[in-house]
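Quick one: the structure is below, questions incoming.
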Amino acid sequence: MDGGFDWSFFVEVLTGGLLSGVMYSLVAIGFVLIYKTSGVLNFAQGSMVLFAALTFVSLLEKGMPFAVALALTLIAMILLGLAIERAVLRPLVNKAPITLFMATLGLAYVIEGSAQLIWGTQVHGLDLGIEDVPLEFSGVLVSTFDLFAAGVAAVMVIALTLFFRYTRVGLAFRAVADDQFAALAVGLRLPHIWATVWAAAGIVALVAGLLWGARLGVQFSLSLIVLKALPVLVLGGFDSIAGAIVGGLIIGATEKLGEVYIGDYFGGGIESWLAYAVALVFLLIKPSGLFGQKLVERV
Amino acid sequence: MTAVTIESRKPFSLPGWAATAAVLGVAYVGVPLLASNYVLEALLIPFLALSLAALGLNVLTGYAGMVSLGSAAFMAVGAYTAYNVALRLPGTPLPLVLAVAGFAAAAIGLLFGLPSLRLRGFYLAVSTLAAQFFVQWALTKFDWFSNGNSSGVIDTPPLSVFGIGFDGTIGRYLFALTVVTVITFLVHRLVISQTGRNFIAIRDNETAARVIGVPVLRTKLLAFGISSFIIGVAGVLWAFAYLRTVEPAGFNLDRSFQILFIIIIGGLASIRGAFFGAALIVVFPLVLSRLGSFLLGGLFDSGVLDMSQRIVLGALIIIFLIAEPDGLVALWDRFRRRVFPGT
Amino acid sequence: MGVERGAVAFEHWAYPHDLPLEAEADEGVSLPVDHEAIVAAHAISISFGGVKALSDVDLTVRAGQIHAIIGPNGAGKSSLLNVIGGLYQADHGTVSISGRRFRKVPTQRLARLGVARTFQNLALFKGLSVLDNVVTGRVSAARATFVENIIGLGRARREEESARAAALEIIGFLDLAEVKDRVAGTLPYGIQKRVELARALVSKPRLVLLDEPMAGMTATEKQEMAQFVKATRDSFGTTIILIEHDIGVVMGLSDRVAVLDYGRKIADGSPEEVQKDQAVIDAYLGVAHDGESQQEAA
Amino acid sequence: MSFTSKLRSFALATALALSVATPAAWADEQYFPLQSYRVGPYAAGGTGFFGGFIDYLNLVNIRDGGVNGVKLTWDECETQYEVERGVECYERQKTAKNVAAFNPLSLGIQIALLERATADKIPVITIDHGMTATSDGRVFPYFFPLLMNPPSETSAIINYIGQREGGLDKLKGKKVVVLYHGSPYGKETIPIYELLAEKYGFELQQIEVPHPGSDQQSQWLTIRRLKPDYVVLRGWGVMNPVAIKSAQKVGFPVDHLIGNVWSNSEEDVIPAGSAAKGYISLITQPSGTEFPVVQEIIKTLYDKNLGNLEDKKRIGSVYHNLGIVNGILNVEAIRTAQEKFGNRALTGEEVQWGFEHLNLDEAKIAKLGGAGLLQQIHVTCADHEGQGSVKFQQWDGEKWNLVSDWIKPDRELLRPVIEAAAAKYAAEKNITPRTCAE
């Protein structure tokens, strides 16, 4: 360090931050899907990530081929989604959103407990076959794995967008997201759509679980990534996929830049709350989030 | 969250008083005489501390309708403030220590309650997580709070009020019981007053409350302040009367959830609910683990039991929200009415 | 579902002395200076998402009158009431209440201005008993702090007692004594509507805004409610602005009727005048329009 | 089971839970209350360690018929590594008869027990960890951070780095980063590293990773900017594999990443996959199944499906072996105490004497089947640690291979640190330290 500002290091921190932001977005998207259609902030999304990753890796360790394990996990996640709709969502229909939120807290406990009861509490490694050797672009290191994850995220977002735009079910989703009562009036079957969307959130959880699992190892702590996704959601708005992405990028970058450049003034470790602080300050300025819809108060 | 459980509107009617007096009599006389050390130490004292914390959260969540996920942080503020006051200003009378701890927690509560002026529902719930993480970070980070112990762990000084030592197990129990009784009485007074009605008004219909002339912003902050004060005092009990050694990590998000679960299970917007819920949360894991090892023997290890306990607890939350949103209190009242139709 | 968002933007209003009374009005419109008017809305326009809900609507209500606002769905009735009640801010126009003129009526001070209201959809405090709901209607008169409330002596006690007395009086007046200890959320719809009226009346307002007080009621209930409304005016001299669909009830009850259609006022006069008005007849019977499908703006 | 009998057993169980929960205990049974953790973020450590501990106790019961005829019993209480639960377990379990010693495997729980266990006269064993000051037996008669305490660990790591550099004098001007877990445990060694940095003249930077440590990008970017020669990992749980992966991510050579005693298990490296190949960590007891005692456990227990570990692949793993070593030390302490007090079940106070006079030389260890698994240990009234020597091991992607011989910490340098910490505690609590006349 020669006294001058190390720009290439700055760029590296920024890129690293943006890329880990993508990882947050991956989790956040699962929340958005459910929120958009059923108005529930699903705190259990983190447990679903754990459940998916744990199921997949345990099947893999039982000697199943990758594709079979993936397919079985997929089925398991879809069944889980259906079960949740049936056992939790349907009986609570028309309850206040905050009640549903608290129910998902309970749900998180149930899923976490079951996942570990079924598959045990061991720590598993998960190798997706990507050697995480850093790539160097004129002095700036970029993680291969993170690039891969960003690619997966991009593919997923595109797939979701296409799905929403061009399929019948997707159109139904959007109708429900816009106005549940209207959707109900034109004969869309809400329980059916909810079940589908929870299953879809399960699939998103699987993707997030695989990528995060490969990063952290598959274990209990995986369910804690929900805490990383929440500020992203607050920032981006609970109902916007674009918001989840942009929010993730902003949170990721601020977190890393903050920790590296100003963390020292506070003795480090500020990452644990910086994301929340950023999201909060932002919320005070714009209460409905970056892309959230502003609604007219109906009285 | 349209909890409709309302404490009896006739606060001075005889049966209520008689029941309260009976409970207090048992708690003050019967329990110290009969309960074993283990029951006091591992069940009753944590029960009292958790009940008080839940009571505090119930003011905010049950009555005023704002969900907070940061209760443990306010407990921590209370505990660490009390510790520092007792340490740095030796000779401060214990009631004053409690009050200072409560006010410190209230101040932090107000600060993190500010977003409530603009946010609602789970935007607000998520924003209270900021308190959770920030406080825990600050307490671990700055070792001033733990008197230079870099690990953040504190040992609490012995309890004594005006020269009377409350240091034995029974002493600590009686101390906790007294604090809880006094605060519960005050909260009871609060919630049946206009302030309490304002809380519920804001919870049930904020627009209507504003139009009527309820000072919405001030009332919301007041709810945060009072709630955090109580939770802060609960933190002092937790640290001074129960554990006597605490670390910031003990006041983690799980603790916050636990307190929220207590009021969901016990009954939102109900004073008794906090106690019912706390009793269940404290006793239930023990019963389950005893029951498990009794029925299944060594078939399952402690991990499996604990996992099942987690599942059952989560399921209980969901079941209560679906089947009995007013919690154990409503169940109890229904049961009582069936058994003693007269009351 | 999904109405999770931040609170409405901070209220900002101008104080009366900032706004010279006449100068603010649109050019070319000469406003009648009516000293008996307790409420006057001047040239109100408001739109939601590009759809005009009200354009250039005036409304003057005299003290002690029952003034009904009627019109087909989507005509802008509720919007007008919400502008007067301060929940919406008009894009153009001002509202005068008791001689004070506002760009936006301050909701928080509404009660102290002597204005109370009920809501189209029930807005009771469901978790409180009927009595507590009504007592809370007096909150704008309460001065005691929460500490005084906990202690419950002195000022707090006096306030509590007088609020209770006032509440019991109104409860008796509206024939609610039987249900006064019931939790409001558990009562039948019609009774809840009446409790809401009691809550509005307990603060002895000079002006009450009633947003469809008889919606969803049976004919008998409607008659009952109409009588209570009339009795309110007769006993307390309260000015009442009322939105109602049922023309029959309105005509029998009101002193004056304003008719809105497509966000414009097409008639305003005594029930007899309005009934004969050709524009009104067209709006209700003759010239069909798709008013039904147009969403009520509020 | 009929409904009524079910109901009755439920009522009974409820009553049991609420009454003093006392496991059946007869005069010739010595009871080990286990504050284990098999769930939660640190379950991997708990299952391995307590599995090994239980396996050894079981082995002694089955093979030898207990310790001189005294049967060993135990009972698990789940703590999830949380202090409160640990305290609750303690209060519940201490009421049993003939409690030998608590082994919480948690610094937080140990600290919470400092006054309680002293008052109750029950030894608390914290193998390979524990509050620094508790090594001073004069102030903490009932606490035993056996084998290795945090200062010894710190010193041994620096000594190892010195050895790799070709002598401690070569440390001067080297740059060392310590990456520590943001918990009481993680922070315990901060002043000790500072002391050593001053003594040996290396540049030191200590960076905290907030709990749980699942994201360390910024810490590692800072490390990349600092370009240190070594990074010491004082991790726990998920923080470890993430640290290893992040090291690879920023191109830091993993063989210059030195893990401490809680960053040294299979569970720490396996999740990191190939990134962990070459990672080095400290160990007080090598992993592997080749040690006679481990072989006996396999033969006596696992071959008959009596073993405690669910996954037989974990037999001989780092945590499992640590649990076995812990079992050996506990059992030998009881044996030592029995020599003085007679072959019967002992009180906590008597077991404390046994721990304080625990002296295992090479010959004794070999007889116990632990040759190579643990080094000789000699606990005294003043020194409750007993030895402190460690080895270093390297992960080859499949298993750990030892890469050093026993390395000794600089205990003379550290003793004053320990004594000062103990003296401070004694002053705060008004404790008059015992005098250790030997």
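Order as written gives the chain letters A, B, C and D; numbering starts at 1 within each chain.
Definition applied: contacts are C-beta pairs under 8 Å (C-beta built on N, C-alpha and C of every residue); 3 or more make two chains touch, one makes a residue touch a chain.
All values reported here derive from a predicted model rather than from experimental measurement.
Here the chain at the heart of the shown protein, by mean C-alpha position, is B.
Greatest centre-to-centre distance from chain D is found for C, with centres as Cα means. Work out the mean CA point of chain B and of chain D, and you get 35 Å between them. Separating the centre of chain A from that of chain C, both taken as means of CA atoms, is a distance of 45 Å. Measuring from the averaged C-alpha position of chain C to that of chain D gives a distance of 72 Å. Counting partner chains per residue, chain A has residues 97, 116, 121, 238, 267-269, 272, 283, 287, 297, 299 touching two or more of them. Of all residues in chain D, those that touch two or more other chains are 38-39, 43, 47, 182, 208, 210-211. Each of the following residues of chain B touches two or more other chains: 2, 118-119, 121-123, 137, 140-141, 207, 303-304, 307, 310. Across the complex, chain C meets chain B through its residues 4-7, 85-87, 107-112, 116-117, 119, 123-129, 131-132, 135-137, 139-140, 142, 144, 146, 149-152, 156, 159-160, 163, 181, 183, 185-186, 199, 203. Across the complex, chain A is touched by residues 1-2, 67, 115, 118-119, 121-123, 125-127, 129-130, 133-134, 136-137, 140-142, 207, 253, 257, 260-261, 264, 303-304, 307-311, 313-318, 321-322, 325 of chain B.
Against chain A, in their complex, chain D makes its touches with residues 38-41, 43-44, 47, 182, 207-212, 214-215, 217-219, 221-222, 224-225, 237-238, 241-242, 245, 248-251, 267, 270-275, 310-311, 314.
On the side of chain A, the complex with chain D involves touching residues 1, 6, 9, 12-13, 16-17, 20, 116, 120-127, 131-134, 141, 143, 145-146, 214-221, 224-225, 228, 255-256, 259-260, 263, 267-269, 271-272. On the chain A side of its complex with chain B, the touching residues are 41, 87-88, 91-92, 95-99, 101-103, 105-114, 116-117, 121, 227, 230-231, 233-234, 238, 266-270, 272-273, 276-277, 279-280, 283-284, 287, 297, 299.
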